[in-house]
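Heads up, the next two complexes both have chain A, just with different partners, chain B and then chain C.
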Partner chain A sequence: MSTALDALFVGRIYDSGRAMRRTTLRHTHLADQPLGIAMWRLGGERFRAAAIAWGPLGGPFELAVAGEPRNRDLYFAALAPFAADLCLRVRSAADAKVARQRGRRTELLPAGALQVVVPNRTTVGALGLLGRYLAYLSDRGGVTPDPALIEAGKHLRFYARHARVPGQALLLPLDRLVAEHWATLLSPFEQANLAALDAQIEPPAGTHAFHASAAAEALARIGPEPTEDIDRVTDALLAEFNTARGGSTDPAVVEPLARPLRDHYRRLIEPVWQLMDHAVARERRLPAAPSVQRRFEGDREAFGRHVDWMAGGGRYRTTDTPRQAAMTLRRLEDALARYDADKAVEDAACMVPYLLDGDAVRGVVASVNEHRVVARVRSVRRALMTLDTDDPAVLPAHKRLWWTATAHDHPWEVQAVQPHGLGSRITLMLDAAPTPARLPGAGDRVTLSVLHTRPDAYRLAPPLEAPWTHRPALPPPLPEPIDTGDAEPPSAAVDGTALPDPGRYT
Partner chain B sequence: MSRRRSRPDPGAGTALDHVRGRAPTIRPNVRRLAAFANVHSCPTAAVAFAARVDTNRALAGTGAEVPYGQSPFAIGRGVAFEALLRRYGHAELRKVLTDGLGVDFTIAAIENLREGYQPNRTGLTLRASVTRTRMAEIVAAPPEPIVLDGAVLRADIGGLAAFFEADEMAIGVAGEIIVGENKSWPVVDGRPTDEDALGAALDQAATYVLLGRRALDQAGVDPGRVSGNVVLITPRNTGLAPVLHRQNVDGRVRRVERLLHAVPEVSDIAASVPPSVTFDRIADVSLPEEARLEAFAEITEELGRVYEPASCLTSCGFAWACRQCVFGAGDPAITGGPVARALPGVASLGRVAELGRGAPPSVTEAPAAVPIARAGRLYDEVMPAGRPGLRRPA
Partner chain C sequence: MTPPGTITQSKFDGAVITAAEAVEDAMRSDLLTRLGQEAAVVAAAPAGAGKSHFVSATVGQLRAEGLRVALVAPTNEQVQSLVARVKQLNPDLPVAFVHAHGRDLPAAIAALPGVTQPSAADAQTHGDKLVIATVDKLADAFLRDGLGGFDVLVIDEAFQADAARYYTAAGVAPTHLLVGDTGQLDPFSPIDDATYWRGGPEDPLQTAVGVLLRNHPATVVHRIPITWRLDPRAVPVARCFYPAHAFGAAVRPGVRELRLTRPGPGSRSLAAVDHALDEAATHGWAHVTLPGAPVLTADPVTASLIRDLVHRLFARSARANCENRDSASDLRPADVAVGVSHNDQKDLLRALLDDAGLTGVTVDTANRLQGLTFEVVVAWHPLAGSPVTDAFHLDPGRLCVLLTRHRQACVVVGRDTDRALLEGVPPATPGFLGWDPDPVLDGWDAHEGVFRLLEPHVIQA
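Here is the complex of A and B:
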């Protein structure tokens, strides 16, 4: 992102008191009714969702509160409805298939895929850890865990891992979605607070975006990691709950006793739910970019592969082999490059940073002529274009640029750059035989950039055997349960003010 | 590394007492030092650090108080994990050290320096002395390793003595001293569940390595005996069962060394701070909030401030108040350094907006103005004007 554009945004937002749009289009798929998930953990307990809310956004949410989430029986009993519902929704989404033709091969893809929306990236990590915990559960006292918990754990783990793919829309953290579409006065660190972001975009009338977001930041609690004030209340309620239940895990006993804790978490989740609903509704009002559907098709493909894999048991490695890690990294880097290119090619506002940084030029086509040139040994037809840019351009000879209208096709190569009025006159040669679709007309206003949407080259898969430099001393362990310690008695809460140095436990 | 002064200036202490006023104090520790490392270029933060002002509590009760408090469950987990390592004669600690280091710790001497000493400066001085003595014993090659639980290392921070408490120090492991840190966040599949916390823990351990090497150097013992491979003990998976990890922190040690060198001398600060500067009014809870924040703004105006959201918001209790001042002044630093650095010669954000609309720049603004104006023109060219229907009803 160009710093000049960022500086402009900051200046204008300061001046106008409201956030500004970074894009003219929405670059992420939004389902009609995505499944919302919001959660709160117990402080410091990475695997314990003290409360988890879920349901189609736009409607009311279901709420699971274990009471004492560090008690395995209570925890799993509370999570069971969530797990069962998640599994049902995943299976239903994968039921209907559509055929896709790839060359002579016909593939069946899920017609849809369950989209999950969460308030922030921290929740993505929290769901991933919860998934890791549930995906491989061991028997306890000869009792097999609820299969729905295991299945839901594998789904959550898949979703959290897939969330790393740039441009994906299966698991959508709203802080990232909103920050991608809007420029605000918030630094990247502050953008993690969805309430602050929202307040900058739609501050109350008469309030500057800065003051609105500062107030929201001080008051709003988004989760999943609780602040001190929240867990002080939780601590008191949890102590009452544990005393009253006297060690019982009988639902008939526990259910009514957990009501104060449920009310406590409902109060916390309600504003978050409204905020998520509001943010999704606002972003949905932006028209979707053309490539959104293609990216979501990639998501559906990954979703379909996951569901098929689950039918066979669904065991995933929990630690990548070096080969898997290399392939994953390449896949993510390719996805990022393609996502950036898609955005800039389709959305003129996203091209502005590239124009400012000298990675793109915009101007009026002065002429387009056909010539014959000798390429290697044969004389071939080539098009030469002269482009008069609005601003001075600095480009090396032979630099390859793609016209945004044919970003999926061949590039134009810079032949010469000369001063012309206030801008430059650039001569470019098309790197392929000219066809009408590949040529702009004289007088057209066009943009060319270093971004393209065609695959760079066919990529060979890495060797099956990693080179010795990347071979670990021990092979990665097979997936194993991590729940051995979850029967340990819960640690007592400790008031930091009673300790000489509470920061030691940060 | 040599300091500019080896003895604290008594007059400096008095001057800094005045600077601190009634503001809450904080003892320097490794986390405070790490937090200061993130903001050490800020003059206000430097003065507050030298005067031992607890920036996290100085603005308590105002809207600018940054909530740094921790969940009692998170603290409870940390306390429980340490208790687990210590119970039954440090049985778990012995086991995890034996398994992780490949040296038998079952009959190692473990000295718990957290017990039996007063929780004050005198106690810390004694613990530092015991730590130094035990470390020097490495020369005598003790037959069994020694573990110091709660070792204390003394350091000179900006000309004043400070004490740093390490979780463990294992002495005499194959002729080396190994620094250890205990953290209660879990490791799953060999990976930390909190990468930022891992970085912070390794930075702490690196500080202890550096201070331990200095202590050996002063005792005439080869400082290289303190290993750059530190030990991190964390729970594994969902329970509290400990597991040991080893990590080299030599790069971090060099960074900490540079940082300690950059800590301003207390006496220099005391001599340079104008007499009018005091944090007294900022921390005065009897004053209305506006008066306290106004006092803060006056101090930062006088001393200067460097606001960098990424580091200030995670490390300095003054961050929200500072952000308010930055906004009030229309300072381009509000969203961070890259934007501020893109605007040399431009006085305020209001002026940036004008330049973005094509206002003629002054001579000093010219270098920054051209790209801003171009950005404004390009953005306006592609963005439809107005956003009907987005404003919330009043």
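Here is the complex of A and C:
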């Protein structure tokens, strides 16, 4: 992002009192009814969801509150409905398939994919950790955990890992979605609060965006990390709950006792849920960019692979092999370059930073002529274009630029830049034989930039067996069998009632 | 860099050269005893240690033993200059340069006798005994065309090659020689969460040397204790970037000389520029500072000042003398480079220098100047005019590359508020289990050291 553009936005927003659009199109796929998930953790318990809310956005949410999430029985019992529902939704989303022709091969892709929307990136991380925790559950003490929990854990793990892909739309953190489409006065840290973002975009009448977001931030808690004031209330309710249940985990006993905690979390989640719905509805009003469908097709493909893998047992490694990491890195880099190029080529507003940074030029075509030039050995046909820009352009000779209309094709090479009126006259040569589709007409207003959407050469997968350099000289010691100690009596569950009171905050 | 023994030794520091030769001999014999085994020898070198010379000479020696060798480096520019270097030291040695589409050798190098540019498949069919390629191209040729079965894989600039690229290329030969410069830029990635794997054994962004030493901690690491490129005046600054590595300059003080004609009449407006050039010619360093101001990365004022410095250098008919010559000769545009941190700075300067008729002067970002040598370098300080510090601009590797490319003199251009950025407490940085280095803190330290050493050479523009 261009510093100059950011400075301009901040100045304008400061003057006008409300956030401004960065884009004219929506660059992310939004399903008709994505599955919303919002959650809260206990302070310091990174792997446990104290409360999790879910449901199709636009409707009411369901809420799972364990009461005491540090008690395994209570925790699993509370998560079970969420897990079962998530598994069902994933499976049914992958049920309908469509055929896709790739060369001579026909592939079956899921017709849709379950899109999950969460309030912020922290929630993506939290869901990933929750998935990591559930996906590898062992049957401690001979009690087999509900298989739906393990399956849901694997789904969450897949979603959180896929969320790394630039431009993906399977797991959408709304803070990123909104911040990508809107320029605000907020720092990256402040943008994590969806309420503050929303207040910048639609401040109450007569209130400046700055004050609106400050007020929103002070009031609204988004989660999943509790603030101290929330933790204080939770702590009191939790202590009450643990005293009242007296160590019982019987649903008939626990269910009514957990009501105050459930109400507490419902009060916290309700405004978040409305915000999520509101933010999605607002972004949906923007027309989708043409490449959104192609990117979502990539998401569907990944989703389909995951569901197929799950059908065959779905064992995932806890960490990547060097080979997987190398392949993932290249894939993410390619996706990022393509996403940036797609956005700028399709959306004039996204091209602005490139224009300001000297990585793009916009101007009126003064002339297009064909010439013969000697390329290496043979004489070949080449087109020369002269382009008149409104502003002076700084471009070194031989810089390669792609016309946005043929960004998937061959570049133009800068030959010369001369002052022309208030701007510049740039001479460019097409790096391929001229065809009508490759040439703009004289008088056309065109943009050329360093961005292209040409697929890079197909990369072959690295060898399956790691070379000696990437294998430890001494094989690491074998881990203990996962069921070590299962025959021993279970260690006492960590339970609020069994812990000494650490003292209240002062 | 100069191969020792070709000129009068009196211009050189004999003790430093003897120590370096001992290390190079030890490396070669270590490598030869490991032939045929899955083992490696690592050579860590400071800037301008004669790595390419060592690599090219070693390749010649390995070929003389009848071994089949693959020689690689991360970038196209690096491998192209390796071809030239190998041919220079071993004129009779056939070299097969395997390249990607559109990355042919420059005509002058391609025309050297014995240099061929076969396709990967042809190189394998013919059983070419010495193949030079980029790491990526070799990996691709290995997978696609089965180019492999070498006895030794030699990687130059191995601290810039990442573990992901090394993964595939490592399969072409059992025995590896990894040579590199620890002070330069580490492998990087533009993705948001490039630190995702950091600290894990699978991290694709650790260096080739890093992954090797992690899995095979017993691998021998040699440190080359010499710099051929830098002269004694430049060594103290360069040492800021190699804290655990002792090295000295091969050239004796006073051997390198940069002469400028006196500024003529009417040059008052250029007094600061002239002063800076004189300071650099005399002491090897000048740190030109503009008044502090909040500026864009591609600040036109700084760019024009750099253009003036370069232009004035030639206007004052700079002549350079060094250990390789008997008398001073004119500085050519190709002997001068401008080093920057950002592409928009590069583009702006390229246009300004082209307008000033200085097309032959190199302008490039630090990561593309790695491994190159010039007589005079003008460096756009990474922190120039910056309101805050961040990991990118504090990276010690970036500053190291900019300040260690020159043989004669280096002019650093910044603003007088830059040093104040390093006052106070360094920023908090994330920690990673299993990963010790802290580039931000190291950079903080290196930047502070460089500012201190350049203090006597500050000239206000």
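Here, the second predicted complex is superposed on the first by the 459 of 506 C-alpha atoms of A that agree within 3 Å, B and C clash if a C-alpha of one lies under 4 Å from a C-alpha of the other, contacts with A are read in each partner's own complex, and residues count from 1 in each chain.
Note that in this section a contact is a pair of C-beta atoms (placed from the backbone, for glycine too) under 8 Å apart; a residue touches a chain by one contact, two chains touch by 3 or more.
Keep in mind it's a predicted model, so treat the numbers as computed, not measured.
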{"item": "Touching partner for A:L332 - first (chain B), second (chain C), both, neither", "value": "second"}
{"item": "Partner chain in contact with A:G59 - chain B first, chain C second, else both or neither", "value": "neither"}
{"item": "Which partner, chain B or chain C, touches more chain A residues", "value": "B"}
{"item": "Touched partner set for A:L355, first chain B, second chain C, both or neither", "value": "first"}
{"item": "First, second, both or neither for A:A205, with chain B first and chain C second", "value": "first"}
{"item": "Contacts of A:T319 with chain B and chain C, given as first, second, both or neither", "value": "both"}
{"item": "First, second, both or neither for A:R232, with chain B first and chain C second", "value": "first"}
{"item": "First, second, both or neither for A:T3, with chain B first and chain C second", "value": "both"}
{"item": "Intersection of the chain A residues that touch chain B with those that touch chain C", "value": "3-4, 319"}
{"item": "In the complex, chain C residues that touch chain A", "value": "38, 40, 139-140, 143-144, 163-164, 166-168, 170-171, 174, 176, 189-193, 196-197, 200-205, 208, 211-212, 215-218, 296-298, 343-344, 346-348, 350-351, 354"}
{"item": "In the complex, chain A residues that touch chain C", "value": "3-4, 164, 166, 319-326, 328-330, 332-333, 336-337, 357-359, 394-397, 399, 417, 459-463, 466-473"}
{"item": "Chain A - residues contacting chain B, complex", "value": "2-8, 10-12, 14-16, 21, 24, 42-47, 129, 132-133, 185-190, 201-206, 210, 214, 218, 225-232, 234-235, 282, 285, 318-319, 348-349, 351-352, 355-356, 362, 391, 477, 482-488, 491-496, 499-506"}
{"item": "Residues of chain B defined as touching chain A within the complex", "value": "29, 31, 63, 67, 69-81, 119, 165, 184-186, 188-190, 193-194, 197, 200, 235-241, 309-310, 313-314, 320, 323-324, 327, 330, 332, 334-336, 338-339, 341-343, 349-353, 355-356, 368, 371-372, 374-376, 378-379, 381-384, 387, 389-394"}
